[in-house]
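Below you'll find a set of structures to go through.
Here subunit A shows up in two complexes: once beside subunit B, once beside subunit C.
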Partner chain A sequence: MYEPQRLRRYGIQPVLRNSLGSALIVAIALFFLVLLAVLLSDTPGTTLRYFFLGPLQNTYSFGNMLNAAIPLIFGGLGISLAMRAGSFNLGGEGQLYGGAFAATIAAISWSSWGLLGGIAAVVVGALVGGVLAGFSGLLRMKWNTNELITSFLLSNVVVLIINYLIAGPYQDPETNLIATRSIPEFMRFTRILEPSNLSTGFYGALIAVLLVHVYLYHTKSGYELRMVGLNTMFARYGGINALWYRVWPMMLSGALYGLGGAVAIFGTYYTSMREFLLGMGYNGLAVALIARFRPAMVIPAALFFAYIESGARSAMMHSDVTFEIASIVQAVVFFLVTSKVFQTIGTHRRRS
Partner chain B sequence: MTDVDLAVAMHGVVKIYPETQLHANDQVDLTLRKGEILCLAGENGAGKTTLMKVLYGMERPDSGTISVGGIERTITSVMDANALGIGMVQQHVMLIDDFTVAQNVVLGKEPKRFGMHLDVPRSQHLVNEVIKAHRFSIDAADKVASLAVGQKQQVEIVKMLYRDVDILILDEPTAVLTEQETEALFSTLRALANQGKSLILITHKLREIRAISDRVAIMRQGKMVGEYETATITEQDISRMMMGQSVSLDVVKPPYHRKKRPIITFKDVFVVKRNQPRPLLSHLSFSAYTGEVLGFAGVGGNGLGVLEAVLGGFLPVSTGAVFHDGKDITLRGTRRARSDGLAYVPADRLKVGSALYATVAENLIVASREQFTRFGWLQRRKIEKHADALIGTYNIRAQAFSPIGTLSGGNIQKVVLAREIDRLQDFIVFSEPTWGLDVASSRFVYDKIISLRDRGAAVILISSNLDEILALSDRVAVLCRGSISALLSPEQVAQVTKEEMGSYMLGMNQQEVRDV
Partner chain C sequence: MSEALITILRSSLAIMTPLLLAATGGLFTELSGMLNIALEGLMLIGAFASIVGTALTGNPLFGILIGISGTVAVAALLGFVTLYLKSNVFITGLATNLFASGITVVLAFHLFGNKGVVVFETVQSLPRWDLPLLRDIPIISDLFNHHHVLVYLSWILLILASWVLYRTPFGMRLRAAGLHEKTLISLGLQPKRYRFIAFLISGLSCALAGAILSLNLGAFVPNITSGKGWIALVVIFLGHRRPLGLFFAALLFGFADAFSNYAQGLWNIPADFILAIPYLFTLLVMILLSVYTSRKSKFD
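Now for the complex of A and B:
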């Protein structure tokens, strides 16, 4: 897999060729969906109509679909960035949850600071995610431990600790929910596309994609990061501090997850509920795999994932299938994207 | 001699590696008699290991036949080879440190209890029987991690004997051993031959060929030179057949001007590694001067690779000092070395010299990326222009945005050369610069090296290709066992024969090393 360097000058062709494998995966997944609908539903026509058109039929469901894509975009970016450096961040769950929780508490504590407090709270969310993932990177740099394992284990611990904090010391006594207090009204992101849940946080996600792309392909640090990921020996030979790029990309990756958590709080939930973002970390991984770790492709990949979920929800409400149909389709996608065959379709072969 | 007396007969074996179009084996014939010890000798890259991998089923030959015990066989896997009674001990021991000797030995052919799980006591018993029968100094219950290198090698041999092999191949078995361990190994091998096993030893050490073998087969540049009774030929003969006649590379070199300024100086450098019985480099002292090519010759495992790693900043020196233009640069990593002006063409152009999935333009800026950055931003247009200019100058068959992995070997090397020569300040290191390249590409590299020398750079050329060393170098240092066994002046380089070079390289002869 390689980066087409001058897309603008050489047209859209390379992009299409690089996306061929991903397009095929989507097609196969949708074929499975039709098959499942025919097998499981008494009214497959209705089921499929709601599945495919439900998410697009009104602003409410369309907006909610876009909203569901926001954490997926942040997660997909986080994974892609780490992968570009040859690091595997499997702790997205904990980083997302930790970022969200920290941002919530910070926003509540600093409500007297006005908007500044809100901004500081978002930064705290990103920092917490960054520190959690960066710690795994540091372990790899110091003792060459496998960051995949350490980030995964650390994430599990963090999830349990935050579960305790939300149910215990930080639980809002005024409700019966297992949740913290809500962040102040003035800090919340503006809603767009009422009556859906979509907020200006969506723009934030798009800006994040742009920033990650620019960082990777237009800065010296991004260049060094990619060279370490492509061939660590080569990077060392060129005089790049390869050890530093065991830590830094993990920090950035975790910070993106943490930011995703904070944006979910400020745009959608306003409060941290127990395990409210569960599974989002892993879905970010699937999104990054479909996008083949290319930041720009994270947007369509995340939208596709959100579309499947939203479609399943709509089909469930109007027909006789259950929500699990979405999980099955996602599982098919997940299964296919990890196969070597689909990764090599459309990529360049080495001439001998 | 009839075919029945032959353990193995290989005929017309051809093996071409598709990546480089290199003929690793070219119409090679080899015979191995029952109960003999045969040494397979040759320089690095002569095709010895490839030939043995073909016999052991690790490589598929492009053509040729193999007969084992007089019957023609097709060997497509290691399992096939084992079933035919062929075993091979690789150059580097491949054992699982946390397992016991017995566990390592039976791995892949375990005695089972109820056809299901590993029968531990029985496997220990079986392995101990093999060990006792051949008087090895290890115990089946020992943890492999606690063994010395020589003992680990015994485990590898036991592993093969446990599989009941009649034909045993050993790839440079003494490379990591001390004198005593080598002696012990040789008496084991002799005992095995007396029991009727047939052995092939890959080696390039003349002394060992003399000490152990009944016959010797000599390979050069993928071809079999011949098979001889060891008693009937001299070490000089073997050395000459390994090195071959001088091939004129037809390099025109302006005359050498006497010493100017030392650029790179090594002072009594030692490199010691843990678990290695002897130092990788010892007492290494030399200077590379402006306007000369200083060649380093040697046989593999004698320090050429280590010297490259030290010069490239990958390996710290243990004691001694390295100076660049009078400035102490000892113990600086590659990053500092690069900012001090290191230009370096590595031996492994694919794993070290390039990032195969990155574009040619990206590969070209890795060592001088600061020049293409302003306030942390890459200057894309400048990078592209730079790439286009170098592609033009070096006649590279590629575009700036092609991934370098899609280029041919010769063109990849041109990219590496372009990058390193472009940032040259006062010295440059070339390691095996023409490995695997065709004649035209090699020619190009030679012309570049000579032109750099004439521009006044200090060129350090590390190469196991003797023709290349003798044609290009003004002075030649020969490395043997990590230290310089001979340092030849320009006059001596012009006169030296390949036999003499061979005797220095193989440690039969030592020149009094003065001029450093």
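Now for the complex of A and C:
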């Protein structure tokens, strides 16, 4: 079993190798959830019931849960692609937000072009994300600047600048929200599970998974990308332009984030609100980690994360806990998900 | 020296303190070979626990001690999971940050019924020191006198840290863990143990850094650290992982921050841009630094 060379240096090993270890991690995370509910809630039973069953109880919450998984799938794919090439894209927040904002503005200004304008706006969203991440890749290529840090820093700058643009020059004067104007109705994705927010964007996410999978495992470029990630020196020896694969995977990674932002606009929000996608970038990273950077596994990992978040939202609405318990449960998963001790739990007996 | 420059420099010294404190602790983890991105989360825990502790006990000293115990406990958890459960330090660091932002809001909601800004009216700001030595020297006094206690403590701790790291067996072994851990193993020593202690030290210093933020404000704001832990990490890199370098790197950030605050008053720059300046500035410095290093390595 291979893993990208640079990731091994970071210590990232195949995650969730066996089901026993991962089942244990999920069990521990859920144990903490129960503990929190008992400690913090006056009605722990109700809290837990809404947490676990809330997301599944009707089409509305179920559809919204699937919908919440869409940006996570795009983000998870973006991270996986960069990681496979041995690059670390930590700027997902800014790329997602930037893509969403650019797509919104483009869609509004090109509304006279009809559907073509909508398509162009989605492309613009992806481009903005791609350029933002590609810039960090370029810096790494030219001067070996640590792309993990530059992408993070750039993302923070972008988030703040867009915050300003949304609250300032691009704010819709007709609403009380801090938001841009809405994109025209004919451009919006069709809802597929009324009354929830789930739209055809979900199919888009699934297609993206398929495309990334095919790209990584069934094209020459994808092979070269993985090769560079596995062993840069060897790849260069084999005649692969390794420098190019410092930039290209980051661009793809950012473009996927940007696409995720654009899809969130066209499918769910229709307008860019201040900080409306915040946290999604990091959750994309978590999803990719649980999925071990395998495109196909991104779907269940994203669903798991979306489930926890919707559960917390439902528990918050019907009980006396706050939404942030979700991030504690996610943190527990994060703490354990790369643990080698947990990975070897199932294999111990065989060895001895 | 003009009045404005003195004002900016003086507030640079105050602003850099949390950065310097967090970076000093982060230097220990960094030199022991661990990329500690949890500084941000540890600071947040420190900020929350310190001010809640101060409000409960009525004494900032006890409050800070409570802050330290809480933060060191989380740092111990981080160290345990990373070193003894053998997890990836980057991901556990991210987990710590996520945990910190979650637990502080959950506890604030549970204890005070409020998810937003929690104001503690009983908490007084940190005592300021009047140093008799400096009192009569004109510019020096304006710059260095009458800061709050932790400003001076941060300098003392930095000196202490460089002494521990470069002059004691413990410090040398800790650095050996980062440089070449096999050396330690061949001496029959456990690199893990030194890294674990480094995590605890980073917890201690981040608790102090966080305490400054919340105690000076007299309130806890969700995400009060607002990226300062990350900047502390950059301070470590920018300072070339040396104590004196840390000081000047932190000062540079303090200056950038102080200057943008000052500039805001003059030219009415949008607040979001002001917030963006430290990140943009760090980014530029990172790029320039890497251009410089890559040039240098080409000529060598």
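Keep this in mind: the second predicted complex is superposed on the first by the 313 of 352 C-alpha atoms of A that agree within 3 Å, B and C clash if a C-alpha of one lies under 4 Å from a C-alpha of the other, contacts with A are read in each partner's own complex, and residues count from 1 in each chain.
Convention: a contact is a pair of C-beta atoms (placed from the backbone, for glycine too) under 8 Å apart; a residue touches a chain by one contact, two chains touch by 3 or more.
Not measured: the values here are computed from a predicted model.
Set against each other, subunit B and subunit C differ in how many residues of subunit A they touch, and the higher count belongs to C. Once the two complexes are laid over each other on the shared chain, residue contacts for A:Ile149 go to subunit C alone; subunit B is not touched. By the touch criterion defined above, A:Tyr282 reaches subunit C but does not reach subunit B. Judged by the touch definition given at the top, the superposed model places A:Ala235 against subunit B, while subunit C stays out of reach. Applying the stated contact rule after C-alpha superposition, one finds that A:Phe335 touches subunit C and leaves subunit B untouched. When the two complexes are overlaid on their common chain A, residue A:Lys220 makes contact with subunit B while staying clear of subunit C. Once the two complexes are laid over each other on the shared chain, residue contacts for A:Glu324 go to subunit C alone; subunit B is not touched.
Shared contact residues on subunit A (touching subunit B in one structure, subunit C in the other): 10.
Chain contact summary for the complex, subunit C toward subunit A: residues 35, 77, 81, 84-92, 94-96, 98-99, 101-103, 105-106, 109-110, 115, 227, 230, 233-234, 237, 270, 272-273, 275-276, 279-280, 282-283, 286-287, 290-291, 293-294. Residues of subunit A that touch subunit B in their complex: 1-6, 10, 217-224, 226-227, 230-231, 233-241, 348-352. Contact residues on subunit B toward subunit A in their complex (touch as defined above): 18-19, 21, 312, 314, 334-335, 337-339, 344, 346, 351-359, 361-362, 365-367, 369-370, 373, 376-378, 380, 384, 400-401, 403, 405-408.
Contact residues of subunit A toward subunit C in the complex are 10-13, 36, 40, 139, 142-146, 149-150, 152-154, 156-157, 160-161, 163-164, 167-168, 282, 285-286, 289, 321-322, 324-328, 330-342.
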